[in-house]
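Structures given as structure tokens follow.
Paired with subunit B in one complex and with subunit C in the other, subunit A is shared by the two complexes that follow.
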Partner chain A sequence: MKKQLAFYIDAKRCIGCFTCAMACKNQYHQESGVIWRDVYELKEEIYPHRERAFYSLACNHCENPTCLNVCPVVAYYKREADGVVVHEQDKCIGCGNCIRSCPYGAPRYNPVLKRAEKCSFCWQRLDDDRKPACVLSCPTEALQIVDLAEFDEANAVQYPAGFPRYPSLNPSVRFRLPAMPKMIRRKL
Partner chain B sequence: MDKRDAESVKQAIGCPMSRRKFLRCLAAAGALAAMPGGLLRSFDAKAGKIIYEGDYEIYRNACPRNCYDTCSIKSYVKDGVLQFIEGAKESTFTDGGLCVKGYAYTRRPYSPDRIKYPMIQDGRGSGNWRRISWDEAMDMIAKKLVEINDKDDSMLGLGLTKYSGNFGITNYAVEGMMTSLGYTTRLVGTPCWPAGIDAQNYDLGDMWCNDPEDMVNSRYIILWGANPAWNSVHTMKYIYAAQDRGAKVVCIDPVFTQTAAKADVYWQVDTSMDGALALGMARHILDKGLFDKAWVEENSVGFNEFADYLRNEITVQWASEKSGIPQQQIVEVAEEFAAAKPATIWIGYGLQRHVNGGATVRSIDALAAMTGNVGKTGGGARYGHMRTWGFNYHALLQKRPEGAKGFLGGKGPKGDFDFSGDEEAEYTDRALNINKTAEMLLTADDPPIRVLWISCKNVLSQDFDRPRMLEAFKKPELIVSVEQFFTQTVELSDIVLPVTTLFEESTINASYWHYWLSVNEQGIKPMYEAKSNTEIAAALSARMNKLKPGSCTFPTEVDTRQWMIKEFNQDIYDLFGIDSWQDLKKGPAKAKMHPASWHDLEFGTPSKKYEFRSDLCAQHGHQALPKFKAARKPYDKLRLLTPHTKFGIHSQFINIDWMEEFNKKPYCYLHPTAASERGITDGDQVRVFNKVGEVELEVKLTQNVPADVVMMYEAWFRNNAYNCQNVVDDTSSDMGKYKTGAPGVAIHDQFADVEKV
Partner chain C sequence: MSQMEMPLVIFTVLSQTAVGLVAISAIRQHAADGPAGSVRPEWMTAVLLLIAGLVASLFHLGHPLGAPMAIKHLGNAWLSREALGIGVFTALVIVGFLSARGRVNAGLSFAAAAVGLIALFFTGMTYSPPGFPALNNVMPFVFFLLTAAMVGAGFASYFTPAEKMPMITRILAVSLIVGLVVYLVVPFLWLSGGTVMRQTGLNYIFSPLYWARIVVGLVVPLIAIWRMRTVPAWVPVLVLAGELIGRIAFFSLAVHASANMGGIY
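Our next item is the complex of A and B:
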């Protein structure tokens, strides 16, 4: 298999602190309302405690990206070397096809430039031998980069509950599920 | 302030700046080069390669906002504009990262809401702000100070309230400025942690914690009333590392916190009954003979008396009834804790915010000590430390003007961050309890506080009994706030002076948790007309001396860089193994201290031993032994908890527009049972009310809180009048006066009810 970078989201370690999401803002100063990485709280059906388990999500840099496939002006390309899906904003005409087609909600509309934009995997940082801003920022190493060509983690899953299953896209992301402590509650 | 006023303020301070406008302004200023936004454009990998080193000027900064982590920051500046920041990789503690608040810093200097110029409000609270020049502002304040000095024949009519909004060492220039004007009135003490500080001083002789990085060596960790997942994110990795190496983590908290969700065992203790729990565990350990006999014999005093007290008055069953934790659980964890070597307890600041808080910390200390875990790596009763704070406090130490008169016979001001030492003088400053600011402002007389100076603090969002504070703020003749944003405190001030952010000034920062030291360099020029606290003091001094020569001894010219350098001394260099402060420009330095506090077992107590029985504690009006102390009686149906949010430190950061993307508005949290009893459903707008006042906000139902609790977070939103201090009174905790000058506040001994609106 070719090299394919992916985000590994270890929900067992993740503390839902939003540091990764803010580190992205710090790096790219997105327009108000435009968020590339967000931290999603798991519904109580998935984790029985409200606001206590999370998935930090951005673009999944899919193996077969629909954003790329539907773009009429070829504003997207997938990097040979590492599988990162890049959106070239200069070419974008703001038609919104990518935004509508991506089931993971990764491309966002920039209301000022009237164009789409999305997580770039910080490829300029990668090319400078730096971690993406979000990964560098994560205080618990809950967010990591892995290469799927070599990734071999028994507990990892690709489609945990709450994360849409789209095998045709084959999203480059893996998860570890959150755990729970033994709870001793007092009687009232 | 209603919406329209808020609008007029916005207009007065300049219109909000979008990113685009920000770029345009920078371009106009010739400052726009490669903004990070440039990354959005279509570069191919070759042409568009961003060169991270070399192309940017890189500065060192430090987060000064009263956070455990006190992160060391690397700032990337291009053409005079702060582009982005990262954590300093050199610090193993932060390891290249910051927290969600830290990363919002990049927006802070350029926030559209920043106060840009000195301003005056025509009619306190009216929202009618007008821009004035620094000269005019200083002139008005100086004239008023001369006037009150003439009237009272002292400067005691000038009151200062300052606390933890900026712990940069040079900010002690604010206190220095007060001293340089004469004897003034100081609001002293600290709201957050005084009961625990006193408790540890009685037991150990000081507050001194192990290096948090050494927690990886623990075999058993009890996180007691601490929520590092929100308040010390960088410590979490050490807890995880210990866990990965087989340590068990027990989290004890009335609330199922984010930290609790990561523990192996969570105990939902009844609020303020932590002391009972600790004593119950201690009794069981005693009965089973699992205590460290050799350690207590050699290193402590009063253990036998403590053991007698446990045998006579404490049972596991009693502890279980008090705390709500089943006996069998108490027994199990007590045995595991005693058997694991080393084991540690992190005593959070939450559990001592009670009328029995100091007593509680003492019983938890006792548990760590009797099991021989004090003085060991991977052990310790961890609370905080000030061992790396040995600066010169040059900014603080100013001479009084010739002939200054002050307060007779009283004790000079103190505070946990007061390093001025004991002064022997005929006069002293007048010290008032900062935790009862409303009452002090209303009742202080002869002279009353005529001029109130506020810096590094958002009094109206952080201090207690806000309804009374609103009254109290009517009393001073002049209120001056030094701020970056139009906080609720600024709304009730007469004059506001814009102050620099950390990127615009030079200072130094140490932590009260980890052992690292960071320098804070000025990386960008002050935005608009902002000045640092040191520069403000100098400006005021210049004006005072023009008006009345000799009336202020503060230097009239300062260079924040020079002042920062003046804070260093050889002891600091030696402690951190550096030759000059310049070395810190290469990265933060770690104190060359043993990772285990009290490793030499030379305690700072009168007996030089660990004191299960502290006569000093008894002399100060408490129990000599770490005995159980009763809780505050409920005065309403539900317990009210107002802890920190992960999106802010007290009232800071929450107002930044970047933060609002993720945290738009406040919520209160209620158990489904408590909600259904009141006909409340998820998402309802509710009123939280008690004898103090009321708050309205949206409710979220969750079993994360017990059924007898209502919880909401401490916060200040720029577009929302929410304020939890409307329903928190200023009842004191048991301890705190000994070391910080005033007892703490029983912040979590509050009660309220909730109804649907």
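Our next item is the complex of A and C:
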């Protein structure tokens, strides 16, 4: 398998502090309401505990990116070297097709520039041997960057409950499931 | 519905109406005996519908001047194929209108109809993306085909000679019955899908838009045709209004897959 960078989301460690999302905002200063990375709380139907659990999600830099496939002006490309899916905003005509098409809601509409935009995996930082801003900022190391060509974590899951399953896109993302809290009941 | 999508409502409904109008005109002129009808004004109407639709579609782009670039990705993007298909269809309809002498040449009529239907298929593929589970299937194509048949036949009635009105009335009645069945069944089928598809079904069933579209665009026209045994002049207007309402529902009621992140899919 070719090199394919992916986000590894360790829900066992994530404390839902939003630092990753804020680091992204701090790095790129997106327009108000334009979000590249967001932190989603697992609903009670999946995680019915007093403790809560979270997934920090952004673009998944899919193996077969629907954003790239549907864009009429070829404003997306996938990097050969590491599989990062890049959106070239100057080419975008703001048709909204990628926004409608990506089931992960990663591309967003920038109402000021009237063009789409999304997580870039901080490819400029990667090229400079630095981690993406979100990964760098996570205080618990719950958000990491892995290469799927070498990744060998037996307990990792690609489609945990609470995350849409689209095998035809093959999203480059892996999860560690949140821990089930230990119930300690006093014997009466 | 975001303001971005009203242009798409207008573009899709008007261009599909033009496809239906041209296809029915081709059949009426060349596949049925008797007078052709007012072919030139009919094809001029199709041209005007297409131009109005294309102008509307520009308003949906953040950068309308980039529209010509939209055919750059023919290898993968259905939207590029749609843009090319509608472009070629419009060109053929303009040639048909300009060259019409009582009738449009049979080969040109059927070629235009075929290209229009292919373009309509491309539009169906464009609007069935993975992002909307309820629509990520053949249904958008079916909806669009019904629009072409219903509004196209309705508008064709304006240009049809009395001798051929029974044929047009039959085409419209059958299209409306099929449309009624499809629109009544589909939202209830969506209820058996996953969370997002089910929510789309519920949105439809509890939306006044959905029921307005059934009554205005399907039930009232069907009753009128059944009672009058022909197509009264006001019926096509009602069918068009129903389609526009239905298309607003299409673009505003479908739930996006990402809306349920963190919940069971």
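Simple rule for what comes next: the second predicted complex is superposed on the first by the 181 of 188 C-alpha atoms of A that agree within 3 Å, B and C clash if a C-alpha of one lies under 4 Å from a C-alpha of the other, contacts with A are read in each partner's own complex, and residues count from 1 in each chain.
Just so it is clear, a contact is a pair of C-beta atoms (placed from the backbone, for glycine too) under 8 Å apart; a residue touches a chain by one contact, two chains touch by 3 or more.
Keep in mind that what you see is a predicted model, and the values were worked out from it rather than measured.
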{"item": "Per-residue touch tally on subunit A - higher for subunit B or for subunit C", "value": "B"}
{"item": "Which of subunit B and subunit C A:Cys71 touches, first, second, both or neither", "value": "second"}
{"item": "Partner chain(s) touched by A:Tyr166 [first = subunit B, second = subunit C, both, neither]", "value": "second"}
{"item": "Touched partner set for A:Asp128, first subunit B, second subunit C, both or neither", "value": "first"}
{"item": "First, second, both or neither for A:Tyr40, with subunit B first and subunit C second", "value": "second"}
{"item": "A:Ile93 touches, of subunit B and subunit C: first, second, both or neither?", "value": "second"}
{"item": "Footprint overlap on subunit A, where subunit B in one structure and subunit C in the other make contact", "value": "91"}
{"item": "Partner subunit A, residues of subunit B touching it in the complex", "value": "18-20, 22, 35-37, 39-43, 45, 48-52, 84-87, 94-107, 229-230, 233-234, 236-237, 240, 251, 256, 258-270, 323-326, 329, 646-647, 657-659, 661-662, 700, 702-704, 706-708"}
{"item": "Contact footprint of subunit A on subunit C as seen in their complex", "value": "4, 60-64, 66-67, 69-73, 76-80, 83, 126, 129-133, 256-265"}
{"item": "Residues of subunit A defined as touching subunit C within the complex", "value": "40-43, 45-46, 55, 57, 66, 68-74, 91-97, 99-105, 109, 113-115, 161-166, 168-169"}
{"item": "Partner subunit B, residues of subunit A touching it in the complex", "value": "13, 15-19, 21-23, 25-33, 35, 38-39, 49-53, 75, 79, 88-91, 112, 117, 120, 123-125, 127-128, 130, 133, 136-141, 178, 180-188"}
